[in-house]
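Down below are the structures I want you to see.
In the two assemblies presented below, subunit A is common to both, partnered first by subunit B and then by subunit C.
And now, the complex of A and B:
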């Protein structure tokens, strides 16, 4: 039985959901459906139609919004927050370490080749000190809940996690449509996120920067599935949204071309993958990118957020070692647990996984977004056999985890409030200090019984509340 | 030995280019093997001063212009005092972790034949193994220019049985990595044994790690370990990574690329000139 976040098995409403429950009863299912149609119309008008990080799919498709908020109590959030900060700090310490002396590898806690031979590791970054020693400035941590006290980390996103605009928009719409719900001040606001993000980005200005740092957001362009989020965030931060062709490098600095002549840029919040940042440093066949950008970065003329090569910290093969990182760098016990994971790359793990594939969730190490994964209990015998062949052909490319009893959250069904599985992605900002707005993105699997929350596979989003008390 | 080098690379475009950006690895590092002196790099006559050590310790510079030019002329020139150290290359100011040099790339990725070659030269004595590999590479891939391109892989070169120094170095590093030996691709200049100015291009060879000795330079093309006839420019995981010049231009495609390397023993006259300047 999955843990239902609104209601105890005996029917009692959990305290943090009291306000939501009162509102559901008061409005009625029909009333909620009417308001849902209104909300959808607003979303369409604003044009929020992008996919979440790495999920692909049709960028023009509207991701379904569910009206009923997901609620965390103050106490629950405090523990989550501590765990998220701890993890974000350890992940950045790991990144500094592997691009310098590699102490955690020398100490034998993580196999060297898993890092140094990993495609996500960027040898070009070796020996370089990014400002503040920060590599991942926005850490998105995907968390699932399996019980009242049980929160577990599904994966980390250290490169350019997206979805934060949903957190902001979902709250915005809810506030606009139901001002009464927020009038009592029970819910902690999240609308200061853009201001905190800008503050964070300015804190990591490069050594060459004099005065107030100029920050820009670098997007691959309007064809990118997250372009909406790029322009939305740039707008809210009051910074310029630029494409690679708007920038050039000269005298170890980055300049933006303007009609009034070149203008200096200090910090680049880039939403472009490493490969496409700079054709002179990374993929030479890339038509995107700013030639010389990486040179200016290493020269201390500009800061790239996130740092190239930050992806080694969120690689699925590295994930299993994050608890070890927390112990090694911080001398603390992990507050948020990992999900037990078998690595098919080692013989013992492979044998276990092949013998139990029908009970496990198996994933590709370098895949993302719910593609190429097998959910054992929901798969046919033929699918399992075919997947086993794929694992045998390349064991190092796969991991497997137990099928989790994800918690469920109240969701608006046809005729009643129903239970649907959900996950949670908060966004931790890392500059000179760490900042975390109380909230995040809740993704919900809209199909009954489904455990896949990805928008490309029928998932939706909802507002997430953290209560003030 | 003191060598005098002048390395000119010329790009010609059919129409003026609006923007040129160049990544240059044309600054020989100061090593136990070599001491560069009066070394300058210019692009269309302008001095490039932005050289700084990259992740592997090689000097890396950047040049950018937003002007319409039909020709880009890059000149690296100067003197390098070299020392014969029995193949050992040392004195790097920045060292990357050794396992990084076990990374195979699209150009070095081994196939069955490269794996077979690895098994045939495997030897617990690492130095013996690498010498055997160097000899095998020279044997299996005859030097013939025009048979491969800059995009040719180690596997293709071995299958074809011929190629140039780039292909031989690729096969060497690919096989060494198969055997768990850290190896890297090196670009530089070679004073050809026949005398001055015999070689008109940059040369490529490999370095492999031998515990207790460090990096050893293996020139499979000539069946030698590096001597004082070699000037080392830069290294990388493969030829693309180690390219001494990488360019990005907007507005036109190159119609001709020409590289010219002049290398010779710095004569007494050159010494005198330098002394007079002091």
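And now, the complex of A and C:
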């Protein structure tokens, strides 16, 4: 039995959901459906869309929005917040370490080859001190819940986690459509996120920057699946949204091409993968990118957020060692637990996984977005056999975890409020200090019983409330 | 402002204006084609010709309304079709999403795929509605910009793009008339010629305004004066050139420098100034129209050069 966040098994409504429940009863299912249609029309008109790779069809599909908020109590949030900050701090400490002396590896806590032979590791970053020693300025941590007190980290996102625009827009839509729900001031606002993000980005200005740092958001372009989010964030921060072709490097400084000629850029919040940042430093065959960008970065002429190579910290093979990192760098016990994980790369793990594949969730180490994973209990025998072959062919490329009893949240069904599995992605900002808005993105699997919440796999989103008291 | 942003805003406005212009052209073609004897004159071909789309009409014989609707309204492969223009206007707008207001974006984004998969027969049956719809989209967009958009350089580039396209549209419409029938010097003597000249006014929503300026008589000289030289009618070439000048001036102030495009726009302005009192008509309307088209094209190129597009 999954833990239902709204209602105890005996039928009692959990205290933090009292307001939501009252509103559901008052509005009625039909009323909610009507409002849902309105919400969808607003989303469509605004143009909040999410392109799905490899599925064909509408290139600008709407991500489904569920009207019923997910609620955390003040106490629940306090614990989450501590755990998230702790994790974000440890991940950045780890990044600094592996690109310097590698103490944690020397101490034998993490196998060296797992780091140094990892494709996400960027030897180009060795010995370089990024401003403030921050590598991952926006850490998105995916958290699942399995019981009233049990929060576990599913994975970390240290590169360029997306989804924060949904957090902001979902709240915006809810406030616009149901002002009464928020009138009592029960819910902590999240709308200062863009201001905090800008503050964070300015705090890590490069040594060469004089005066107020010029920050830009670098997007691959309007065909990228997260383009809406890029333009949305640039807009709310009041900064320029640039594409690689708008930038060039001269004398180790980065310039943007404007109608009045070149203008300096200090900090780049980049939403482009490492590989495509700079064809001179990374993939030479890339047509994207700004030649010389990485050199300018190392010379202190510009700051890249996140730092190239930050991905080594969120690699699925490294994930297992995050609790170890917390102990090693911070001398603390992890507040948020990891999910037990078997690494197919070691013989013991492989044997266990192959013997129990039907009960496990197996993932590619370098995969993301819910692609290339196997959910054992939901797979056919043939699928399991085929996946086992893939694991045997390249054991190091896979990990497996138990199939979790993910908690469920109230979701609007055809005729009633139904239970659907959800996860949670808060966004921790790391600059001179750490900042966290009370909220995040709740993703919900809209199919009954489904455990896959990724928007690329038909998951939806909902507003997430953190109560004031 | 990023050069690319300037380019996107400039082209967004041009494509949207072009969609509307093409819609107006189709209306005019329709009016002309229903006149007696038009089957022999191939009015529809002249519509294709002035939009540079004649090559899309394959096979011999006269060009029909069906051809024009297919080529100028629906064809996604024809870069000048209304469908392509709307898609491109939106694509340009989408890549400078942060420079548009919410309302402007909504105006661009609403039903931008309306013509996808539309069948020619259905489009012909609904033609007046569709044409109106295109015009309304452009109006809503302009209206949203009017009261919501920041008056930064981006606004200037957008207005200039729109003004260039609108001027060129008026020039092309005048040229359709030229292709259909060489201009006559006398008072328009009723019948077809009268209708053809008044169709040009109609297509530009200028019939009433024309009467206010010139009284009830339609003469080719007055009509061309109205559409080329008059500085109060917003679709006249002179009005559009005034707009380009004032926005280019603002850009020059903001950037602190004049460029070649500023010379060219003055050149066009002079040309029109010297065409007053029927002079432009006496000198040869077609030649003047062609010269203006050439100069406005050059202007667009020079703007792109001057501002590093």
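Definition applied: the second predicted complex is superposed on the first by the 460 of 469 C-alpha atoms of A that agree within 3 Å, B and C clash if a C-alpha of one lies under 4 Å from a C-alpha of the other, contacts with A are read in each partner's own complex, and residues count from 1 in each chain.
As a working rule, contacts are C-beta pairs under 8 Å (C-beta built on N, C-alpha and C of every residue); 3 or more make two chains touch, one makes a residue touch a chain.
Since the model is a prediction, treat every value here as computed from it, not as a measurement.
Room for both subunit B and subunit C is found when the two structures are superposed via subunit A, with no clash between them.
Residue by residue along subunit A, subunit B and subunit C are tallied for touches, and B comes out ahead. Of the two partner chains placed around the shared chain by superposition, subunit B is the only one that A:127 touches, whereas subunit C remains out of contact. By the touch criterion defined above, A:73 lies against neither subunit B nor subunit C after alignment on the C-alpha atoms of chain A.
In the superposition on chain A, contact is made by A:46 with subunit C only, not with subunit B.
In the superposition on chain A, contact is made by A:231 with subunit C only, not with subunit B. When the shared chain is aligned, subunit B comes close enough to touch A:250, but subunit C does not.
Judged by the touch definition given at the top, the superposed model places A:259 against subunit C, while subunit B stays out of reach.
Think of it this way: put the two complexes on top of each other by chain A, and the tightest Cα contact between subunit B and subunit C is 12 Å.
When the two complexes are laid over each other on chain A, subunit A has no residue in contact with both subunit B and subunit C. Within the complex formed with subunit C, the subunit A residues making contact are 45-47, 221-222, 227-228, 231, 234-235, 240-243, 245-246, 256-261.
In the complex of the two chains, the subunit A residues touching subunit B come out as 102, 105, 112-113, 116-117, 121, 123-128, 248-252, 279-281, 284, 291-292, 295-296, 298-299. Those residues of subunit C that touch subunit A in the complex are listed here as 1-4, 6, 91, 94-98, 102, 105-106, 109-110, 153, 157, 251, 254-255, 307-308. Those residues of subunit B that touch subunit A in the shared complex are 19, 21-23, 50, 52, 54-56, 60-62, 64, 66, 94, 96-97, 99-100, 102-103, 237, 240, 246-248.
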